[in-house]
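Labels A, B, C and D are assigned to the chains in the order they are written; within every chain, residues are numbered from 1.
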Amino acid sequence: MSTFDADAATDLLASVFAPWIQDLQLTIERIGENDAVLRMPFSERLTRDNGVVCGQALMALADTAMVFAVSAASKAYRPMTTVDQTTHFLRPVAGSATIATAEVIRLGRTMAFGRITLTAEGEARPAVSVQTAYALLGEPPK
Amino acid sequence: MSTFDADAATDLLASVFAPWIQDLQLTIERIGENDAVLRMPFSERLTRDNGVVCGQALMALADTAMVFAVSAASKAYRPMTTVDQTTHFLRPVAGSATIATAEVIRLGRTMAFGRITLTAEGEARPAVSVQTAYALLGEPPK
Amino acid sequence: MSTFDADAATDLLASVFAPWIQDLQLTIERIGENDAVLRMPFSERLTRDNGVVCGQALMALADTAMVFAVSAASKAYRPMTTVDQTTHFLRPVAGSATIATAEVIRLGRTMAFGRITLTAEGEARPAVSVQTAYALLGEPPK
Amino acid sequence: MSTFDADAATDLLASVFAPWIQDLQLTIERIGENDAVLRMPFSERLTRDNGVVCGQALMALADTAMVFAVSAASKAYRPMTTVDQTTHFLRPVAGSATIATAEVIRLGRTMAFGRITLTAEGEARPAVSVQTAYALLGEPPK
């Protein structure tokens, strides 16, 4: 049986993703049974002219977090590709880190579905709500 | 009457967006009546471990392109914010630039709606299809 | 201060919606602070050739349930219109009633956002996951 | 080689869909290479209290039209199921029939992707814009 824990997740974060995504300086906060929590630190490099974290970085964080939730639910990283992502922007994130909580709501043989919620760190109310489908490639881990 | 042409668009690209988005090195290819074409050059900084342009960069390109289409349709840049973006990933983009064609399909008083199609440069078939709603803030330009 | 309770909801269900939606024979199961639970009984009139409840009825149930969640959060029905709805179909519903739980995740001045989860009655796992934005028309109730 | 023409489509419309969908009295207007046009007549049974065609019927029309576009692109009907549908409501349809134009933008081995545009009959501007993914079940027709 494979395991996928925070150490495996940190290795994955450093190896699979594009350098441009590495620039977001994401960290793994938690790997659960079928969910994952990632943190994106605040940076002026991510802010628009109006001082809020740009929506593009929030979408990128959500997509990245979902890879970890699917890996957690699968007990190992497996090649996957995003089929679709729907992102609703509810409230701006300004001047703080962003926390992404990604949850797998169905893990099938060839597809996974999830919901991701982003919040400004220390804030209970959701800033961004995401719904997504992934295609799972190759065999599931033994 | 305001105008919004390729020069105004190039100025906008350099001023409103986050430095992390500037890293994409986007260029304005065309500004139309209610549409805009942007180009994202290929870079290994944007590629995943499997050699394809990461989905996060494609979502970011689409969102950015839509700001220019809304500005074109409005005849000037106006403050706006993304309400939602739905992105379907149809085919990978590998080793080539990505072209984004964004079109406003409804420009209302307080909201705009659009479709964006991304293709690998020189390829007719769509790589990514996006549907989006924007909230328009403040008064429309005179 | 207005109130919006199960009786008000039952009146609303009978008055605002199209006769074709009345055919779904929905009932109000619960009205909460900012959420609502509706039930759609099983009917062969809603099933496809393969015996599962058709996706169109599931989308319709979700959209309808959200009107009640927004009314609950607003403390009264107010005119509203769906801006967009994204529906992911996770598992089929076959031979049983469908329960819709709609929750407002942000109630703004002019827009509301929500998530709706559908399950086959008596089943914990989600059958359908929905994310949506509504435009709120006219003044909020006093 | 299979064919899928307007006659085959009319047979399909009468056989696969739920009786509740039959109530919409849809007709096939055109079957193309990888697209389909369907018509939903106006009916007071489909209108909300405010006189506009209810959004639920528009979503149902779009989903149904896509089945025909996928069948057209596949040269025959094949079992399929909706993975997700994102619907943006741009303008109300009041007092007129609704025309749905569904187009397959990618037909893969196991998935199909499409866009559907709805308009009030005789009106050029889109009323509803839809983006969708379908899972294709079983073998493609020979």
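Quick note on the criterion: a residue touches a chain if its C-beta (ideal position, glycine included) is under 8 Å from a C-beta of that chain, and two chains touch if they have at least 3 such contacts.
Not measured: the values here are computed from a predicted model.
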| item | value |
| --- | --- |
| Centroid comparison with subunit A (C-alpha atoms), farthest chain | D |
| Which of A-B and B-D has more C-beta contact pairs | A-B |
| For subunit A paired with subunit B, centre-to-centre distance based on mean C-alpha positions, whole Å | 23 |
| Distance from subunit C to subunit B - Cα centre to Cα centre, in angstrom | 33 |
| Averaged-CA centre spacing for the pair subunit D and subunit B, given as whole angstrom | 28 |
| Per-residue multi-chain contacts in subunit B, two or more chains | 83-84, 86, 88, 133 |
| Subunit B-facing residues of subunit A, complex | 15-21, 23-24, 43-50, 54-57, 59-60, 63-64, 79, 81-89, 92 |
| Residues of subunit B that touch subunit C when the two form their complex | 83-84, 86, 110-111, 133, 135 |
| List of subunit A residues in touch with subunit C within their complex | 86, 88, 90-91, 105-106, 113, 115, 125-126, 129-131, 133 |
